[in-house]
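One chain, chain A, links the two complexes that follow: it is found with chain B in the first and with chain C in the second.
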Partner chain A sequence: MRGSSPEPRAQGKTRSASLNPSPVALLAAGLGFLALLLPWLELKPSRIAVGESFGVWGWPSVWPWVLLTLWFGIALVRGHWRGLLLGMTLLVWGLLVGQGAAALLSNQPESARVSATAGFWLSLLALYVGYFAAYCESRGWAVLSAPLALTVLLLLGVFNLLGPVLEFQSWRNQFATELWRHLSLSSSAVILAIAVGVPLGVFAASSTRYGWVLGAMGFLQTIPSLALFGLLLPLLAGVSQAMHLEVALALLGVGVFAFRWLWALSGGLAVLLVLPLGLLALAIAGVWLNNLLGPDPLRIALLAPLQESGIRGIGAAPAVLALTLYALLPVVLNVYTGLRSVPEAVKDAGRGMGMSPAQLFWRVELPLALPLMLEGIRGAALLTIGITTVAALIGAGGLGYFVLRGAEGGAPDMVLLGAVPIIALALLVDLALRFAGGLLRRRVGT
Partner chain B sequence: MSWREKSPHPLLVPLVGWGLVLVLFAQQSFWQGLLSTLFPSARSPIFERETLLNLALQHLAITAGAGALVILVGLPLAIFVTRPAGAAFRPLAENIVAVGQTFPPVAVLVLALPFFGFGSAGAVMALFLYGLLPVVRNSLEAFASLPSDVLDAARGMGYSRPQLLWRVELPLALPVILAGIRTSLVLILATATVAPLVGGGGLGVPIIAGLAVSNLAFVVQGAFGVALLALLLDWTLGRLELTLTPWRNGR
Partner chain C sequence: MIRFKSIVMRYGGFEALKGVSLEVPEGQLVTLLGPSGCGKTTLLRTVNRLIEPTEGTVFIGDRDVRGLDEVELRRGIGYVIQSIGLFPHMSVLENVVVVPRLLGWKKEKRETRAREMLALVGLEPPTFAGRYPRELSGGQAQRVGLARALAADPPVLLMDEPFGAVDPPTRERLQDEFQKLQSELRKTVLFVTHDLDEAVKISDRICLMSLGQVEQYDTPEALLRSPRTSFVQGFLGPSRTLLRLSRIPLSRLLEPPDGHHPSATIQHSVSAREAFSSLLANGLRSLGVTDDVGLLIGVVRLETLLAAASEEEP
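Coming up: the complex of A and B.
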């Protein structure tokens, strides 16, 4: 009953404000009306054939009229009522789609497919805009109506007859594997980018002389992802055939010591040495980490060329390597900015308390820079999840597999089967890391 | 400021750079020779359906088309939602821009297929939608972070709203807006590499063809060309920013 108490006041406001309705809600209603004029569903004799489009007014149903009325209502009412009406609109929209798909498929052969077209997507956009308007107005119980309506629709299974869901049912096992691959590819890249990027960022922030580190990261970022994949392919192909695993590991071991010695002699020479060795280390670590986390088995074959250990010209090696290089920029940049933005007065206070430089770094600078670092990791994760889509082109798999196969075969439903989970994954990771960032900020008190 | 009188125009070097790169792309026989030395096992070392120069020009044309649309639509949109008349739409615009960032570019390109059709025009429209985000985001930020005392001073001097926009707000917001346009154009050029998936042309054509028939020579010529164009575009736009905002050079 607590929820109903603000209603009379909201209604009272409605009367005085109804002459001046919310522009965002008007936009939502306008988009909703426009969507009702467009075709919603497309009936195709098979999954790749050209189909025929149908609007909502074609099939005998009251739902289009109800939807029309509801959009009018959303434009006119205010406050909690808008949230409530929006939930109802979402419910009616879903029922209409389900009913339409069932009606279209009723006298059709098994191979026929129903796909969503312009009107469907536009009304989804209208619902999003309307939900945004309702959410801005009242954050009370009314905004729960839309997620509730969506849950009801999913439980009722109204979308089960639509193309992408049917594609999912026929590709179920492959979908699970590719989702797992997508997650393992992007998480190995992000983990490696953190492992390399945080020290690099600390290094870059340690002196104004090391600004070139950021420049180098920006340079890498500017190279298009498919181009970087393409340039790494022949390099890794050559190395993986010519070099044995034990040679590579020995080179890396010697390299670490040679680096320390060379760094004292000449920074430039040391960097020249560390670049190829670092790339080699990243390629090996990336493939192994990916195989450890992902569905493909981990293989380590000593006394054999690198390709026996899974480091090949195509597949996971160039994918994780390129993804790591891309994810470096957001991590390094934010570690750098975070450390640089620690106020000098705070550092002075720490020094005054007798902290050593190491204590100052671990107890003052790092905790204060942590929220920005997490922001960088969020950026890196989003970027990586998106670019992993392209990795399917070089045989690394992932959800991009469905996107690319769908694009090649002219099957938009299959593209959606890959694209919708990628977008959902990105939004989920975004939400989770934002939430973690908020918690961290509250603890650090900035 | 003395360097401005003495040294050549700051855009002269990038222009010469573009000329040199296009001349380099036109050396079809040189590339043929180089690639057949690098990849002796490849049956046809160079992509033969189209010359390298034409592919590069197609790539630039797609980028320019999408980029022009982005600037023509994105900037007015950002200006509209930061005026009193459009202020109600600003949270919505910010929200959509933030959510849109999480969409993978390839998915945007491929999902736009049913709406805009197969071919370069469809690719341009999809790239336009994707490139809109950085321009709108940066322009919104730029207009939001203008120092309010400067705006107050201008209003106090009797500037009308259009005058305020043209003479105070736009010049002050220009650096951040230009940075957004630079990000957007480089992003469009990079994403245009996957345009062949939706029937567009450009330097992605040999890359994707090469991956399909595992001919690394095809992949390398496309990849090298795209990387070169992206770096050159980024650098040129950086120089352009300096030219258009000379007061930020500090000297």
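Coming up: the complex of A and C.
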């Protein structure tokens, strides 16, 4: 409606037309060609044995030739056609993989496994790059052809003979649970990071004296995740055995009041004393939030040590706590930057026209900082989805469970069963939040 | 009326204002003029308490501004700044109604008022009401800034180099229009500028400042005729005579037509300065003067202009 004027849009069109052939599409096609030279599938007598590799030209089929032609097409055409061809390429690619796996597995014992190797992954990368090229050129219906092709392939079950899919089938129930855990762990952490990080960012931006907040967040980020778990484990274990839930809650209540009083006395002292309480609050809130959102039941045991309520040295408590601490930096930093980037003149005009500080914040500063804040939340979400993988190490579960088990057992297909959904999840969340950010940006007009 | 009483502003050891006393009469336009850094903005911002002076008192009417709630005070004062400070996430209409909204006006009344204001500053409401600040030219944005400041009909306007950021032709047009507007609205205006031409053109009185002090506070004519200190003389510079001509309406120097057909003509509504430039540009000694419809109503001669420029007023 109130988008950009027609002029720049027309300009954009001529620019993309002069980019024919587009370098990104050329790169995609190049990767596609290269992939055709490499082995695609590996046949192994069992899921952990070493196997033998096969290329696409080995089995008698026209699909490799079709694929070759399609990659040529993608490099040469442009606009909607590229999107459409990409969908077809994806379809042919999937059929080829399915056919190859079936051919390799015929006359093999039950325990035999087919896994994807270099050529498969490289052509997948080529498709991804190609999709990016098509997406840059046209946002119309043609872009939908690739997701559509993928859906068709999944419905046809062409990947059903591949190792990771077989792994999935034997772990189906556990997969659903771990996926759910992964989602609940990461969303709990992101929600808490927003709840804590936005006020912290506002605080940090409110005066140049509070720059140390950003420094502290940056320091947290530099601690390796395993080291952080290692630090939290004994701390939480000790506290959760010794402290009763009602004592913890009472302490937190007292802390809130004491903080205001201490803050007036000495800011540094207040922060030092309240920091451990804050961590305790985060641990409790994290576990409960995670249990509310996830598959594990919520337990609140009053008059009992914290561990009866699920707050322990291992499991969800240290996991959500550590993830929250990591997610804080992107949130705080972007809230800070967003608020700081509101032009001084705009704030001056608002004040000069008689806005109270609260009105200035809610009506001017916050709306203008919102797109950047959302960027921060996107960063935090992506980061968290990635490092939640490590949570499996301390018994909190999540998709990292498969990565860990697969790595221990030398079963690469099982590693993939964990890793591929994590990547897909990150891409999906990224896309959704980018989209939301785009809408917001158009509204705010920055 | 705005009255400053011995305003001192110190930043650490630095005195930005060194005891400024000044009175802006009701309904008049007073400019604070002076080189950059002389304290104009600082003085202006003490009026709506964006700056609290170290010493001294500011009165609006006969009330000490410190006795008023600062938010209420500001809502009653129009405020226009050089960088405009339009809210980028609000449409032109929403920008204009900010103060009426803060004052709790009804939506309908607000929007009617906003449309009136836009029309007043020369922006057709149907075209501009729905636009966003990024879709405006510098001149248009500055008009919106003015409409926004006028929206709640405040008796006092504070303007800090409001036309400083636009190109010279646009600036002159904005000055002309603002002058016309002010002659109807008769607000009490405190106007900051470092542009001598602008100050001479639009002011009822000029307060020339230097290093946090008032050098001379006078009507433009008096300032140009008799600079009181050497700083003032230096600031006005050699074009002082020419500037005096710009305060004299051409109609005052008109002589009846002398029968000759003039080789060039000029509109009667311009200033004597423009007539003088036209004479120089055309290499003539006299010009025909026409009325609004182009009828010859008299002539103006070079001698008259020169005499007017050097004349001591009685």
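Throughout what follows, the second predicted complex is superposed on the first by the 366 of 446 C-alpha atoms of A that agree within 3 Å, B and C clash if a C-alpha of one lies under 4 Å from a C-alpha of the other, contacts with A are read in each partner's own complex, and residues count from 1 in each chain.
One rule holds for everything that comes next: a residue touches a chain if its C-beta (ideal position, glycine included) is under 8 Å from a C-beta of that chain, and two chains touch if they have at least 3 such contacts.
Owing to the predicted nature of the structure, the values given are computational and were not obtained by experimental measurement.
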Fit-or-clash call for chain B and chain C when the two complexes are aligned on chain A: fit
Chain B or chain C, by number of chain A residues touched: B
Which superposed partner A:Leu292 touches (first chain B, second chain C, both, neither): neither
First (chain B), second (chain C), both or neither touched by A:Ala432: neither
Partner chain(s) touched by A:Leu404 [first = chain B, second = chain C, both, neither]: first
Partner chain in contact with A:Thr117 - chain B first, chain C second, else both or neither: first
Which of chain B and chain C A:Ser22 touches, first, second, both or neither: first
Chain B versus chain C as contact partner of A:Leu231, first or second or both or neither: first
Partner chain in contact with A:Leu269 - chain B first, chain C second, else both or neither: neither
Partner chain in contact with A:Met355 - chain B first, chain C second, else both or neither: second
Smallest separation of CA atoms, chain C relative to chain B, angstrom: 23
Residues of chain A contacting chain B in one complex and chain C in the other: none
Touching residues on chain B, where the partner in the complex is chain A: 38-39, 88-89, 91-92, 95, 99, 101-107, 110-111, 113-115, 186, 189-191, 193-194, 197-198, 204, 207-208, 210-211, 214, 216, 219-220, 222-224, 226-227, 230-231, 234
Residues of chain C touching chain A in the complex: 48, 50, 71-77, 79, 81, 83-89, 98-99, 102, 130, 132-135, 148, 158
Complex contact set, residues of chain A against chain C: 2, 5, 343, 345-356, 359, 364, 367-368, 443-446
Chain A residues touching chain B - in the complex, by the definition given at the top: 22-24, 27, 117-118, 129, 132-133, 136, 219, 222-231, 233-234, 237, 313-314, 382, 385-387, 389-390, 393-394, 400, 403-404, 406-408, 412, 415-416, 418-419, 422-423, 426-427, 430
